[in-house]
Amino acid sequence: MATRELTYVEALNEALREEMRRDDSVIVFGEEVAAAGGVYKVTKDLLKEFGPKRVLDTPISEIAIVGAAIGAALNGLRPVAEIMFFDFVGIAFDQLVTHASKMRFMSGGQVKLPLVIRTQYSLGRSYGSQHTQFLAASLLQAPGLKIVAPATPYDAKGLLKSSIRDDDPVLFVESGALYVNRSYYGYRGPVPEEEYLIPLGKADVKRVGDDVTIVAVSRTVSEAMAAANQLEEKGVKAEVVDLRTIMPMDYETIINSVKKTNRLVVAEDSVKTGGISAEVASHVCEYAFEYLEAPIVRLNSPPMPAPQASELEKKYMVSAEKIVNAVTKLVK
Amino acid sequence: MATRELTYVEALNEALREEMRRDDSVIVFGEEVAAAGGVYKVTKDLLKEFGPKRVLDTPISEIAIVGAAIGAALNGLRPVAEIMFFDFVGIAFDQLVTHASKMRFMSGGQVKLPLVIRTQYSLGRSYGSQHTQFLAASLLQAPGLKIVAPATPYDAKGLLKSSIRDDDPVLFVESGALYVNRSYYGYRGPVPEEEYLIPLGKADVKRVGDDVTIVAVSRTVSEAMAAANQLEEKGVKAEVVDLRTIMPMDYETIINSVKKTNRLVVAEDSVKTGGISAEVASHVCEYAFEYLEAPIVRLNSPPMPAPQASELEKKYMVSAEKIVNAVTKLVK
Amino acid sequence: MLREQFSREKLLKMLRKMIEIRLFEERVERLYREGKIIGPTHLYFGQEAVAVGVIEALDKDDVVISTYRGHGHGVARGVPMKAILGEILGRAVGTCKGLGGSMHAPISVEHNIPLATAIVGSGLPIAVGVGLAFKYRERRNVATVFFGDGAVNTGAFHEALNLAAVWKLPVLFVCENNLYAMYTSLKNVLAAESIAARASSYGIPSYVAFGNDVLEVYETTSKALEKIRDQSGPAFIECRTYRQKGHGGYDFGTWYRAKEEIEEWMRRDPINMLTERMKAKGFITDEERKKIEEEVAAELDKVVEEVLSSPFYDYEKLPSLVYANPP
Amino acid sequence: MLREQFSREKLLKMLRKMIEIRLFEERVERLYREGKIIGPTHLYFGQEAVAVGVIEALDKDDVVISTYRGHGHGVARGVPMKAILGEILGRAVGTCKGLGGSMHAPISVEHNIPLATAIVGSGLPIAVGVGLAFKYRERRNVATVFFGDGAVNTGAFHEALNLAAVWKLPVLFVCENNLYAMYTSLKNVLAAESIAARASSYGIPSYVAFGNDVLEVYETTSKALEKIRDQSGPAFIECRTYRQKGHGGYDFGTWYRAKEEIEEWMRRDPINMLTERMKAKGFITDEERKKIEEEVAAELDKVVEEVLSSPFYDYEKLPSLVYANPP
């Protein structure tokens, strides 16, 4: 069947639309998601198609947004709530971490919470330190929660649809940079016309190679793919593993890749201290130590807040160039 | 000069009292810290000595407690605010992470924030999953913040005094288990009469050994010390490194120890996924790989919320026994 | 004073529920003092009329969100005492298999109590979501959330009341104002004329009930439920009551509360108040009340024994309870 | 209408400040449209009377907490326009060396603006702490915090107002009610009679001022400041105003607001309103106003040129700005 090129935003919008058509227990709410169709147009025209009972604008009340999602999920719906910037998830940290992620377990398995919180991080858009945080690593301490972060339109659509159908609370993290920056691999891409789903909890080998494994997620997958292209010219074959689901993590795919390449670079947008890369690297170091022929290199934002000025932010961020440099040193 | 035996709680109380006597810009506020002297008596009798202008009870308003600490610090004071359980820091995550940790940097270095947020985690006291979280790992993404977690009365006093004098925001994490459980090494211990300070950012080798390094922090230091005793009987000499300051982390002391022992076990109370142990292990794997003779083992709470029943909680927690078993396998 | 519309049967039912809660908590207190309960436990002594008055007025399909001080809510709703006590003692027979403990003991999906939270204030926004689902499905049910006076000062309270009012959701907010949050008197931490007045500022119909009078609580709840259905929007009840014991098992509630105040409230004991009224009406004798107490006590003897000899949940099974859909 | 107590000098000063803000924002808007500003920017067009009216009434030792829509607060407080624009353009000459950007541009410790936050509502609890320090030191100063109508629905708002009232702190809450939070009309998200009425429910003296009338804002602020000092407790001002442009640089503010509404508010332009009054009083002529505008424009020409040709901060130095006491 046919495949079109869609942008990341269009793919997300299509996923929402399809799931809302399919299941009337899916409702959408958040700041500016209804009349405005989302500040980044991810919820565009949903209000028009599904009406104000299913698509609701909220006050600026992040605690209540996440709380309402929990309550609606407890009571039979499949809410998809939006928190406009990942940073604002901090306001609802109690609801997400101390409530949503634990409610099933602490009820002895009685309750299920089929909710999705969609959000996006804007690193790469010069939004400054209060609007660019990629806080996924801060949520790894909340098992019970699933964290999904797509890197391409194809994945965005398939993963969002699966997240909505999943019976656990899912934090669905989008990349603001992929919304707007046309130069990214993940900005636009092929999406089949026919329906498909992508399972949660499975990483994806986005490019096959033997010399080094590059684990990336969300925006940095684009950087990793660009790096792999450049490395190929230098005769280095990099394997790019896109985590896609950050929690629960697909360790198996990572370890299988490392077993083959014996070298690992992790490149992602957390601050390095306690980042997602720390979990990946330490896991490999614990369970596949004997396959490692070199230190595991972690490429992250350095341990400081993000500077706003775009010239500085560029230096702050993980880039294809930094990946190429790290890999080049590693395979020497 | 003389040294007395104090409990962990008494040592903390003494630190507060001394710093309040020394500097009238130190004030204390939080839920039940004044009239009640703290639910665990850490702020006992401060109201009596320093009066209601300097020791204040608050409503149940964690956002405002941390916010007020930030504001007071911006305006010349050195507030020491208490958040009763570490879990409730989640309510004030925005204030702590998106504000306190970033305000100096995002102002271009203009402001300083000499504040301390004291809190405690109650793992080991059967408080259930909403009252036992050790969320320090979730805050590693917030450079600009310092995180301190003492494991003995001596450290508790010296580190709290230094934290109060420090010009950066400090999250000071106490262990509820060390407050009450007499069987712990860290429950009671020698504290000199004369004044002393312990520098932030320095780990402490609590026991010297050549065969394996055990990195621990807070409650698990007691477990590590007990484990080291048992291991000694089996002829294994373990070196116990107490992180003391979790951020910024003293990588140097860790790496020096690993260079000597070539083996590393990290034992701490985070949930394993993305725990503090992940940062320790991945750092060593990146920067001291060539010294490692075995995989790095991480001992943590497993990736699930804490069960409440004490029988189950015991199995859930890091223990001396688990450390002994892990080390025994490692040195075989 | 006794409302005509309350049949003897109804009153007996409410009295019995209140006695169940009281005697249940007596057992819990005793087990706590004996060191058999490990972890925190928050007793409901003195507030029985709130749980019973509110819950009796609800429909069984209405949802209740409870708190760490929730044993009474669970008993009032008919959650088996064995399951609640089992949870408090951490056993596999507990409502939550012992994973929740005392602070989550009333959770029972079967009884439409999907949550009892240990975080002050955090249940309110969740109740808003429950109400949202009811409204969306055009059900005439109500999301009821219990919370204390201390919860009124949390950010969660504010966001929840505002959103429930803006979206006109069927949510019944029930504040159990027992005058203290831990050791802190309400008057030192609340900047408002009253809790009900604060609620009114959101345009939410708000009521004050004497929370030790189960009939007043019942009637106020019924009125509020009508209002919710008529106006399709939330309502708020402030129940003025008192905890006869301390904040938690370890606290005796004395140093921060005046002896006279405690005594005055003990004189207004909710169970005695109802008994007196029923006696005046000829609905019950002292002997009959005693008999109820004996029946409940006998049941509790059995429950305690059964629970104490029952096993803990199998630790090895815990990982399977983290996700509904494991990857 | 023109209050006698305002001297020509004072009025000229306020007019000039308002013109500075307006022309400053015109440059910012132009630079944004030219693609020279990278990142978000939120303009202050139309609200000039609020910043100037409030800040002129403050003492220079009073502390101001600002927001992402804070350029006007900075200019009104006398932060050099070069430093503010430098920040908006991310340069080392910026108030925050380019690390903050437009949303934090007014931060200037020297001018007692230690924070401009990009998180809606989160400045309020911080202002409470600033007020706490003033009270503790027995200073007669006031912590002033600006925020929008959208902030009223955040949990932070509620906790801050309650605590300020309970502790009787010298905090002036200034709500710039421009009727919209982004594209959302206040009336769709606020469950209260008015913002000022909500504030009153905390027992906080609350005032409404027409926020396009700088004199009314000034006088209301003065009244509120007196109240703060007399009652030693907080006060609240709701300034009703309007943003003449969109929410951010990319938004034109039209699709969600009626043309008539925009036009009506344009007719009540704060700068023109003050000019007309001054003219009526014989305090200024059209030529004089024009002259002020030319002077400011000339200054801004220079500022823009200087900033655009100035360097970014040295990336290598950033790590040293994370901690005041690095380990």
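In order of appearance the chains are A, B, C and D, and numbering begins at 1 in each one.
The rule we apply is simple: a residue touches a chain if its C-beta (ideal position, glycine included) is under 8 Å from a C-beta of that chain, and two chains touch if they have at least 3 such contacts.
This is a predicted model, so every value here is computed, not measured.
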Chain whose mean Cα position lies farthest from chain D: C
Selected interface, B-C versus A-C, where C-beta contact pairs are more numerous: A-C
Distance between the centres, which are taken as Cα means, of chain B and chain A, whole angstrom: 31
Interchain centroid distance [CA atoms averaged], chain A/chain C, Å: 40
Averaged-CA centre spacing for the pair chain D and chain C, given as whole angstrom: 46
Between chain C and chain B, distance of the C-alpha-averaged centres to the nearest whole Å: 36
Contacts with 2+ other chains: residues of chain C: 96, 98-100, 104, 117, 119, 153-156, 159, 162-163, 166, 188-190, 313, 318, 321-322
Set of chain A residues in contact with two or more other chains: 58-59, 61-63, 87-88, 91, 94, 98-99, 105-106, 128-130, 143-144, 248, 303-305, 307-308
Residues on chain D engaged by chain B in the complex (per definition of touch): 63, 65, 94-100, 104, 107-109, 114-115, 117, 119, 122, 124-134, 136-137, 143, 155-156, 159-160, 162-163, 166-167, 313, 318, 320-327
Interface residues, chain D side, partner chain C - complex: 153-159, 161-163, 165-166, 188-193, 197-198, 200-204
Chain C-touching residues of chain B, taken from the complex the two chains share: 31-32, 35-36, 39, 57-63, 87-88, 91, 125-131, 302-305, 307-312, 315-316
Residue ranges of chain B in contact with chain A within the complex: 87-88, 90-91, 93-94, 97-99, 101-102, 105-106, 128-130, 133, 135, 137-144, 247-249, 270-271, 273-283, 285-287, 289-290, 292, 294-298, 303-305, 307-308
Chain D residues within the chain A interface of the complex: 38-40, 90-91, 96, 98-104, 117-121, 150-151, 153-156, 181-184, 188-190, 256, 312-313, 315, 318-319, 321-322
